[in-house]
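For reference, chains read A, B, C and D in written order, and residue numbers begin at 1 within each chain.
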Amino acid sequence: MSSPAETDRVVTYVDALLEGMAQEMRLDDDVFVFGLDVDDHKGIQGSTLGLVDEFGADRVFTTPLSEDAMTGVAIGAAIAGMRPVHVHIRMDFLMLCMNQLVNMASKSHYMYDGQVTVPMVVRAMIGKSWGQGAQHSQGLHSLLMHIPGLKVVAPSNAYDAKGCLTTAIRDNNPVIFVEHRLLYYTDAYVPEESYTVPFGRARTVREGGDITIVGVSNMLVECLRAQELLSEEGISAEVIDPVSLVPLDIETITASAARTGRLLVVDNAWTNCGASAEIVAGVMERTDRPIMARRMGYAPTTCPTTPVLEDEFYPNPVTIAEKAHAMVRPHAADWRPDPERAKLAYQAQFRGPF
Amino acid sequence: MNGPSSIDVTVRLYRSLRLIRRVEEVVAEIYPSDKIKSPVHLSIGQEAVAVGVCDTLRADDVVSGTYRSHAAYIAKGGDLKAMFAELYGKATGCAGGKAGSMHLIDMGHNILGSSAVVGTTVPIALGYAYAIRRRGEDRVVVAYFGDGATEEGVFHESLNFAALKQLPVLFVCENNQFAIHQPLEKRWATDRLCERVETYGISAKKFADSNVESIRTHTQGAIAEMRAGGGPAFMECVTYRWREHVGPGEDYDAGYRDRTEYEAWSDKDEVARLGAALGENRRADIDAEIEQQIAEAVEFAESSPFPAIEELHTHVFAG
Amino acid sequence: MSSPAETDRVVTYVDALLEGMAQEMRLDDDVFVFGLDVDDHKGIQGSTLGLVDEFGADRVFTTPLSEDAMTGVAIGAAIAGMRPVHVHIRMDFLMLCMNQLVNMASKSHYMYDGQVTVPMVVRAMIGKSWGQGAQHSQGLHSLLMHIPGLKVVAPSNAYDAKGCLTTAIRDNNPVIFVEHRLLYYTDAYVPEESYTVPFGRARTVREGGDITIVGVSNMLVECLRAQELLSEEGISAEVIDPVSLVPLDIETITASAARTGRLLVVDNAWTNCGASAEIVAGVMERTDRPIMARRMGYAPTTCPTTPVLEDEFYPNPVTIAEKAHAMVRPHAADWRPDPERAKLAYQAQFRGPF
Amino acid sequence: MNGPSSIDVTVRLYRSLRLIRRVEEVVAEIYPSDKIKSPVHLSIGQEAVAVGVCDTLRADDVVSGTYRSHAAYIAKGGDLKAMFAELYGKATGCAGGKAGSMHLIDMGHNILGSSAVVGTTVPIALGYAYAIRRRGEDRVVVAYFGDGATEEGVFHESLNFAALKQLPVLFVCENNQFAIHQPLEKRWATDRLCERVETYGISAKKFADSNVESIRTHTQGAIAEMRAGGGPAFMECVTYRWREHVGPGEDYDAGYRDRTEYEAWSDKDEVARLGAALGENRRADIDAEIEQQIAEAVEFAESSPFPAIEELHTHVFAG
């Protein structure tokens, strides 16, 4: 994955998260990390591994299985001036935190007219593959995007993972930090020193003139592969990574879509009232040029466990390329890239159980 | 805290009880004028729970409460003018008019923002207490909540966590025996709440009749232990809400409770009892001061401007 | 409010709800209603009043303040073949139910491959006015719309209230039943006998050629007033009530928008990832005609308590008409109807405290 | 239930214990082949809790469990072929391949669907029990959950509601002393769980070592009372998970627990103990039957087809 860093140090997403976390903890004694299993020998797939040894059990601790109260604890600590990072190994568990996130975290700064700030980060991992199934695979970021006062960020690569985590921790608002588990072992150039990635600035990862493809979180990776396959067919796709979903750089996306006349938004989530709906609607409101717009995301079903159905549940480079092709060349014969050529390294690598 | 002489304590307790009582009576009087456009949940009858506990607190101690928090706000020393202005929806309110009665806050007096969603503030109090402990301070946090809040799962999660981490939190259940119009019998399988809390290793004490001095004395001890590094403690204070659940009126004709209950409680009204203990003159002086203070606060609220329209968009995100 | 009933019986929304509920309870012994305060003397603003007298405390009961577990109880009873109706006096409290709704209710039929069904109704009231403020006024229906397996319906009038409630109770899926408190005392022609209103069929409430206005829940009422004001200016607005949000009759909306060339969606909710985003995006995906699309909803802020700010927070007939006018006549001088003429009876009637 | 002769009971208990043990060992053997593409949480070592309770149940009684539910599924008589096929993701699975190991279900045998989100199934069991009570039936519901689930607020809400409504629910806490890799000390303020449960007016009993016969005998009494109209009851069964939290392996080298713990538990292994009590011949016959049954189930799973692609879109909504 390309990234704008001036370094030749290649680091995985998971190590980038860990490094960013450790650096902020060294810089600011008020930063702490907690949540189920952050201090065990697996350390949230490695992303918190060793932190307890360096920073001690006061700053790195597991909790009882009490997501609702623990979210309140994060809010209270944040109000007291600390900077908690609350970790969830599956985003699905955020459903237990909704009352605190929606009714308290998002609203406190406003409702109390600025008397308090709530600088907290909620790390939430999206699962996939190996039969994670209905309740361990959901990307539910749009639920949080709906609520004013919450920021939502979904880094697609190691560089952004570290930089966004740093930005998130320093931000004075609750930030929902969306991670996709399949990205954990992807790598990128990542500077060793601390740096921030600004929220609200989309990144144009590939330039192109025929169609604008927006990929959210891991779908960016899938879109990039689709872009390669499309380019072999002579179709030039512009690929955009929104990086942060709230604030959202809708202007960059709109400008691109207005130029290409076609917009395909691919999210690792359902499309109904999803981030993809927001991006399409946001673009449509901002331009009077006719734009052909489509969304891709999860099938409108619960996620099944068996691989034969699970494969159909998600967009992938083949279906993305196929859809983009049909948008650009509506009158051409159907085209579908060879599935073998569309396999992503990160998918092949992944192996259960976990 | 060195113990002040007993009469000073009584004066202080009475002043606080009486101030709360009168503030809320005044709110109730103003309410029909529609100047206060926000649901109000009055604590009339329950003042002793706020006062008995808060009297023992230092200025840097923290309280956290519910939508029924006028009493705790006042008892902890919250700004009265800012409170009235807030009820009026004015720019000078404690939250610039954005909060209303249900979300009072005064961080200058270490009063955490209250919430209209039952139970939500309890774990937030824990988080604040975690920060206190982490910083090696000897401050404490008092978390007020109603009997209804104890039915929410988050309450139990909070008890367990506070005890596990030995956080300096005093849990105070204001058990007014009703959640809206529902009596305990329809909500609690048993009334063995204190016993349950003790199974977390948290010392728990029940006060059958919200005597302000008993509450105060017990709190002093509990908080002293907490400052010395002890863990959380719990108090269940049985009390009675004299007015309707929300709004200024009485509702003994609604059928869900009986006026004789009220009469029994009003016979042991702490405001009256302490007032009588002070003697007529001293009491009258205090009362006059209180009326003056309230009149000024109301006048402040009345004469304050509403927020500018642009305020709608401020403080959505912190810079 | 016009409605297609052949009756001259005028009934309020709240009485329609009550009547629909009682009729279903008489028909089917498995129907029961529970939730905080359904059996007290206020009876959820009257919508459950008297049910406990007719049907007894086994079928009409309040609960402890335990929304999470009570949602599970509804699911379990539904799986056992009953038809629970779980009532929440504020939709904000659904945030405590999200784990059960998102992870269990929506998924059980699918995840267990049809071995169970979950016929339950969740009634959730949206509050407004009189300083309901941040946590007692939210319309959070889009959060539920995002999740496959949940139906979401938002009747705007008494006729639909009764008919949709009947449909919801008889439906074999979890149905989120969105009520707006300000609608409770609006009335309509409502047949006495039991009837159903089908889900997934939008209603074109006013026909017009210049612009398509979609109003969700109480916003339909506000849009109708805007339509009247617009028509005095010679602008003919088609007003559509989606009635149900999942399933959504996007075809009817798309056909109308394609005809008028303009689409304004007005929701009683935030727009970001909201129902309004979904409707705009859904229309855009279905037509290649250029359509000017706009959304209106809550200001992108927490709801403030003070009336001066609260008034600005919501769309109303003035702002809706103004926006529609600007869309239809982009080059005309600004126009804004007299606010006095835009007051709605239902708003004037409403008076706190509550 | 008339008491069958003691040897019959032992045979039945052994058969069930052994079947569960062997099924899971076979799952563990198959797992590295990647034929089972779904996280599996094995109950090896914990079988007695499933068997001791379920042995007392009627066919029309109901059980509800967690993602670690192979044991309860089998003990309650769930279809073994359908279970293996489900693990294989096949169309013939108990949920057509959509569920996998974490969401087993067999409504034909009154096994409610299990869930991968801790604690979620507990209130659902209550809802089922409410329906039973409403219909005047004398069936009961057994709700299994782990020690970790007791930390979730919903568990407490459920205790209160079950006791308040006197629902026929037997709560069974499978306390294997860990949640993933976290020991009780890092999660529970105290271990006074049963005492806490009793404050709801629910009778509670702790079993220190998951002896299958003690569990069975106690359950019989508890369920008889429930059928007669009694309210809920609670059991905490201390036990030990021999394998890793998820997956087929052991993990004593991971550092979070010690192999000596395992050894102490395996010394009192109920499968071995009951097997020995039966005598060699009888045991061998049963074992052979079990191997046969498992082999058939595996063969069924292997030879079954995957679901058709169209199945992705079925059962999103019920007709």
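Everything below uses one rule, namely that contacts are C-beta pairs under 8 Å (C-beta built on N, C-alpha and C of every residue); 3 or more make two chains touch, one makes a residue touch a chain.
Being a predicted model, the structure only gives us computed values, none of them experimental.
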**Message:** If I average the CA coordinates per chain, which chain comes out farthest from chain A?
**Reply:** B
**Message:** Based only on mean CA positions, could you tell me how far chain C sits from chain D in angstrom?
**Reply:** 42
**Centre-of-Cα separation between chain D and chain B, whole angstrom** = 46
**Asked** Taking each chain's centre as the mean position of its Cα atoms, how many Å separate chain A from chain C?
**Response** 31
**Request:** Find the geometric centre of each of chain B and chain C from their Cα atoms only, then give the gap between the two centres in Å, rounded to an integer.
**Result:** 36
**Asked** Got the chain C residues that touch at least 2 other chains?
**Response** 63-64, 66, 68-69, 92, 95-96, 99, 103, 110-111, 133-135, 148-149, 300-302, 304
**Message:** Multi-chain contacts only, two chains or more: what residues does chain B have there?
**Reply:** 93, 97-99, 103, 115, 117, 151-154, 157, 160-161, 164, 186-188, 316
**Request:** Based on the touch definition given at the start, go ahead and assign the chain network to line, ring, star, complete or other.
**Result:** complete
**Asked** Considering the complex alone, what residue numbers of chain A touch chain C?
**Response** 68, 92, 95-96, 98-99, 101-103, 106-107, 110-111, 133-135, 138, 140, 142-143, 145-149, 246, 269-278, 280-282, 284-285, 288-295, 300-302, 304
**Item:** Touching residues (chain side chain A, partner chain D) in the complex
**Value:** 36-37, 40-42, 62-69, 92-93, 95-96, 130-136, 299-302, 304-309, 312-313, 351-354
**Asked** How about chain C: which of its residues touch chain D in the complex?
**Response** 32, 58-59, 63-64, 66, 68-82, 84, 99-100, 103-104, 108-119, 148-149, 151, 172-173
**Item:** Residues of chain D defined as touching chain C within the complex
**Value:** 93-99, 103, 105-107, 112-113, 115, 117, 120-132, 134, 153-154, 157-158, 160-161, 164, 314-319
**Fill in**
Interface with chain A, chain D side, in the complex: residues 31, 34, 37-40, 89-90, 93, 97-103, 115-119, 148-149, 151-153, 179-182, 186-188, 246-248, 254-256, 306-307, 309, 311-313, 316
